[in-house]
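Alright, structures below, take your time with them.
Two complexes are shown next, each including chain A; its partner changes from chain B in the first to chain C in the second.
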Partner chain A sequence: MAENIQKGIISGLIVGVVMLLLALVGFVNTSAQIISGLMGKTVENGTPASLLVFLAIVSFFGGMFAIRAPHHIAKSWAFVVVRSALSGLASGLIVGVFTWIIGTELASKVEMRAYLNALSPDNVRVMTVDQPALLAGLTIFGLLTAVSLASGVLWHLVTLAGIGRLITGVWTDTVSEVTSNPGVQRVASSKTTRYLVYAALILTLFVLPRTFNNFIIHTLGTVGIYVLIGLGLNIVVGLAGLLDLGYVAFFAVGSFVMALLTAPFPHNLLWSFWPVVPICIGVAGAIGVLLGVPVLRLRGDYLAIVTLGFGEIIRILIKSDDMAWLTNGPKGVTNVGQPILFGQKFNSELDFFYMIVLGAMAVIFVTNRLEHSRVGRSWIAIREDETVARAMGINTWFYKLLAFGIGAAFAGLGGALVASRSLFVGPEDYTLLVSINVLALVIVGGMGSIPGVILGAFVLKGIPELLRDLDQYRVLFFGILLVVMMILRPQGIWPAQRRRLEMARDDEPVDLTQSAEGAAK
Partner chain B sequence: MTEVAVRGRATRRFSAFRIVQIVVGAAVGGFIIWRLLFLVVTGQYGPEFWARILIGGLIIGAVYALIAIGYTLVYGILRMINFAHGEVFMTGTFGGYFVLEGLGAIIVDPATGTNFRDAFPVVAILVAFAVGIAVSLSVAFMLEQIAYRPLRKAPRLIPLISAIGASFFLQNLFQLIFGAQRRLYPNPTSLNAHLGLVFDINGSSVIIPYTGALTFVLAVTLMAALYTLVQRTRLGRAMRAVAEDKQTAALMGIDVDRVISQTFLISGSLAGAAAVMWGLHYGQISFFIGFTPGIKAFTADVLGGIGNIPGAMLGAMLIGLIEAIGPAVLGINPQLKDVIAFMVLVLVLLFRPSGILGEVLSEEKV
Partner chain C sequence: MNYTLETRNVVKQFGGLTAVNDIDLQIPERAIASVIGPNGAGKTTYFNCVTGFYTPDAGEIVFQGKSIIGLTVDQIATLGIARTYQNIRLFPAMTAVENVLVGHHPRLRSTWIDALLRTPRMLIEEREAVIKASDLLDFVGLRGKGDSIARNMSYGDQRRLEIARALANEPKLLLLDEPTAGMNPNETENLTAFIKRLRDELKLTIILIEHHMRVVMTISDQVTVLDYGEKIAEGTPQEVQKNPAVIEAYLGKSAVTGAN
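Take a look at the complex of A and B:
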């Protein structure tokens, strides 16, 4: 019992602090606004009702969190009730007192916003459910306690009834029945099926977007760009195991080469789009090799910091007044050239989308061929153990440079397309954040895995583009995601076969039959 | 036959790297010598200019040193770069800021309107340091518990990525909670940023700001204290043992997890102290402030030899001086000041990856 009490209070404190942080970053109000939209009418900062709904949802998960326990522990009713109720009480106390305090401050007209950005009077009014401070605090305290207890009891009932097991059981049974059917297996593994799937995919990619509106096409294009450069970084990080945090530098180089060669100002070269694309790829690749030469003797974390330094150097140089004669300094370059195909302008969102898809497909093709060639195997050997790789006669320096160069070249292609698509390049678009973005999608998708990178780009770039309301929390979310992924699933959502085996921790048994299959492939 | 081929390739690779070293070394060295000669011949800057730069460089170097020691302690024990250390520093600046703001709001003498901060500057500064240190220390502690501890046994890239995630999380959390604007550090009036000891060199006055003097003295004291702690106390011995070999240390009865936690506490408190000094001396803070000092402190570590505490101090002082002198010596725009530190990092890694005082690391460690 003592343990239940202790654990319940600790869970409650954690839930309470999380809620407090959500309130302080303004997430509570943003969510309330979205919920108010779902409830009928979008009200900025949310309505009291929508706020209570949001708090109830969080508290519901809080109750679930409070009664978590390893599978082998049988939960008694006392366990469930004590933990969920105490958790609700503790979190309710924290959030209730917070509400009471901000309500009192609001009533005495203190300008809280000067210190805490999210506590604008409008937000606080919603947070205190339009009631006097003490009443609001008590309401929220009661709500959180009740919901947490109810949630604990509900989940316990669900477990007792075995509903969860019923659903997953039926699902896995069906899946295993279908996949173990020899006919299905034969069809699934045949080449014809594979080509049919490819054909259908390509057809969808080219035909379906014609029916979308420009915003969706633009978003898909952005996702495509990130697939493209993500695959480049995937070669560097995923295959060769070189953590590059300055990847944005090559992206910037691609963009700026495109911009400077095609724009009317500052150089008035006005080259046409098509010949410049290979130049961008080439220059970015060459700079990748050049930067790689001094740093590739380093490993792991050193390399990460040095490449980060390079990324910053390139951005600072582009921005500085000393280089303004070349790059137009902080103002950036406008009116970047646009592609012209057969005398026609080829610059609508859809046209760019096609180009991006073609580029991405080319990159996927190259990566795939490289990965399963001598080069790819050398990269993987270097990633696994550089000393051994060298002992096996692999010229590690050459292959690392190659990975750096190819990765940079892909980024250069992405940069060129982006520059032309958005008509403008400015140094502030190429910050460290872009590198982290790309790195996050490679890692979340699965290092070294092509479908993983594509999936990662959709999850990390596509979904946030569509959820514009939550845009300000994107980086916060990335940070949490990186940490959580590393702890729970370091191999990514869709791991590469080899990665999956390697990432298995020492304490987890490795499925040897699978590893044998992997080796046979 | 194959043997010859292998040897041939190895020599070729070696020489390629040598060529890069020689070319880069000659270019950089030649440029610096040329600039120095140029400066000596033209006499462009007088001694008062160099004195000012020296003062500024030593002060910033002292702040970097405290941050750099944090990196080095953690690296020595876990062999990982605590990428979020710059953010630990940043949280500390906010801790001190809110204390000074809060004390500034308490009026002790209604007649003159004097507030507590100006009436008792020593107390105010002490409380600011205490709170700044407490904030940084708790952040460092939680960071280790949440983001690093579960990954102790994972391959080396994994905790680094987790650290990057934590760093971005902290940065954005502070941006969202406290806003993106820059905030002016509310110094007590007696510690105003342009008050100081004034000297007369070559007919023009050179000032040593009180905040700078405070920063330098305090930083040196803390470094001495830390050095004593690591060399003389039980905890220090345990830390050195764990850094040497975790398993053996555990067999000798050292609680390794506890020592690692304590190391993070120490590195966090040094960062917290550095943070309040930074706020007092430079006067402006924002959520983004941890990034550049973090990278520069890391550069200082590499320069001095990572994992080596005196190396971190020496490296940080050197980085501070190089950064202060650099724009003048190289004759470049001060905008590019940050580039100099990065260039130093690259040059060190190119010519002496083990740093000035570092042991010659085996390839495993580099």
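Take a look at the complex of A and C:
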């Protein structure tokens, strides 16, 4: 019982502090506005009712949080009631007292905004649900306690009834029944099915966006660019295990090659878009190899630091006055050339989206072929244990350079497309943060996994767009999402699977001498 | 006599410590040669010199008549020297078959361009390599376990897999660093018989670092004893067993003098 009391109070304190924090940074009000919006009221500020709804939601999860325990522990009713009630009481006490204090201060006309931006009179009025301070505090205290207790009891009932297990059980049974059916297996593994799936996928990718507005297409295009360069970094980090923090350099090289060769200023070369694309890929790949030569002698953390340095060097070079004759320095390059196809301008958001999808498909194709070959095996061996990989006869120097070069080439393609799409390149678009974002999407998606990288790009580049409603709290929530993700699924959303290769064999074990004969020669 | 491996006056120093001092060793073709000695005698350092992990400070290492001093680790492996490790070092995230395929790497010819274009020669080569890898897994007794992830395999299976991976190199010389470490008497006996088969059936030359004296005495054609980096005895198992210097190294001076 003592333990239950202790755990309950601790849970409550955590929930209370979280709510307090959210209130102090002003998020409580923002969320109240969103909820008001959802309830069909467009208001400047949240309404008291929407605030209560928000607090109830948080408290509901608080109650769930308070009664969590390892599976093998049987939860008694005392366990559930004590923990969820105490958790509600503790969090209610914190938030209630806070409400009471700010309510009193508001009544005595103290200008709290001087200390915290979020505590403007309007906000405080919402936080105190438009009531006198003490009453507001007591209301919130009561609400949190009641909801937390109710939530604990409700979840316990759900567990007792086995509803969760019922659903997952039926689900897994059905899935295993369907997948183990030989007919289904045959159809699923047949080539025709595979091509049909591809065809459907391509059709969706090319036809569906026609119905979207430009903003969505633009966002999808950005996601696509990140898929493209993410797959490049996936070869370097995910397959070969080389932690490269300067990956943005190759992205920048691709962009600037495209810009300088096609823009009217500073060189007035005005080359056409199409032949420049392979040049961008080639130059980025070559620079990848050149940078790789001195850098790839290092391993692990040292490699990360040095590549980080190289990434910055490239950006600063592009920006520097000494290179301004070539790169136009910090001003960047405007009016980057755009593609023309059969005499028609090919430069709408949709056109670029198509090009990006085609680019990503090419990159997936190349990655897939390399991964499932002697080359991919060597990369993974290097990632797993470089010393032993060398002792297996793998020329690690060559394979590491190859990974670096191919990864850089993919980034070059991405850079070329981005430069042309946004008509402008400036050195400040290619900061360390881009490298870190790309690395994050590879890790969140699942290292070394193509579908993982695609999902990662959607999660990391797509979700922040969806979270626009949360305006300045977007990054906060994004951070929380990443932390939760790393706790619950450290291997990534869609981790890489190893392919099954061993032959199903019915014959007797091989005669050792016969198969050995060749070996001895 | 044809020697697969000859080392002449090999010296390896780490700062002031001479880990391997002036080691002369001739390993005849198709012999099982054991290298024994107390902990820190320089046995593994000697292996590391032969496989190119360390460059000796002095001396010659000749493999099949050619000096391999100055070659890189991967070049030496490609010549046909394969090894296992004292503490198992598989590629943990890869399957057993993939581990063996990595071992087969120096015998494959297809390049990254073949992989990109998926040329027929690459497809044929890969198919044969997978068959060969499965055969090798059969050979070491891992039939049907080819698709397990190496990390998840039992200790004994991991040891077998490491040997299969080394054999995939199609080596002429196999270096086994304490292959029976951590095995029970029964497993040790099986492995001893297995090592003999490697020599008899695959016609390999084997150098063995081993602490189990029963293993060493049963299968070795030649035993070399190292102590403090120096060779203190060499000969057949029987000769070495009677050598006073060896007894002293293992049991101390009093064992030699006091025994009589």
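Please note the rule applied: the second predicted complex is superposed on the first by the 417 of 521 C-alpha atoms of A that agree within 3 Å, B and C clash if a C-alpha of one lies under 4 Å from a C-alpha of the other, contacts with A are read in each partner's own complex, and residues count from 1 in each chain.
One rule holds in what follows: a contact is a pair of C-beta atoms (placed from the backbone, for glycine too) under 8 Å apart; a residue touches a chain by one contact, two chains touch by 3 or more.
Fair warning: this is a prediction, and the values are worked out from it, not measured in the lab.
In the overlay built on the shared chain, the residue A:393 is in contact with chain B and with chain C. More chain A residues lie in contact with B than with the other chain of the pair chain B and chain C. Of the two partner chains, chain C is the only one that A:385 touches; chain B does not reach it.
Contacts of A:241 after superposition on the shared chain: chain B is touched, whereas chain C is not. Applying the stated contact rule after C-alpha superposition, one finds that A:117 touches chain B and leaves chain C untouched. Of the two partner chains, chain B is the only one that A:483 touches; chain C does not reach it. Judged by the touch definition given at the top, the superposed model places A:85 against neither chain B nor chain C.
In the superposition on chain A, A:373 contacts chain C only, with no contact to chain B. Residues 387, 393, 395, 503, 505 of chain A lie in contact with chain B in one complex and with chain C in the other.
By the touch criterion stated above, chain A contacts chain C in their complex at residues 366, 369-370, 373-378, 380-381, 384-385, 387-396, 402, 498-503, 505, 509-510, 512-513, 515-516, 518-521. The touching residues of chain C, counted against chain A in their complex, run 51, 53, 72-74, 77-78, 83, 85, 89, 91-98, 101-103, 105-106, 108, 110-112, 114-116, 118, 122, 126, 130-139, 143-144, 146-147, 149, 165, 167, 169-170, 197, 201-204. Within the complex formed with chain B, the chain A residues making contact are 21, 24-26, 115-118, 241, 243, 245, 293-295, 297-302, 304-306, 308-310, 312-313, 316-317, 319-322, 386-387, 393, 395, 397-398, 432, 436, 439-440, 443, 472-473, 475-476, 478-483, 486-487, 490, 503, 505-506. Listing the residues of chain B that touch chain A in their complex gives 6, 9, 13, 16-17, 20, 24, 80-81, 83, 98, 101, 146-147, 150-151, 153-162, 164-173, 176-180, 291, 295, 298-299, 302, 332-333, 335-336, 338-339, 342-343, 345-346, 349-350, 353, 363, 366.
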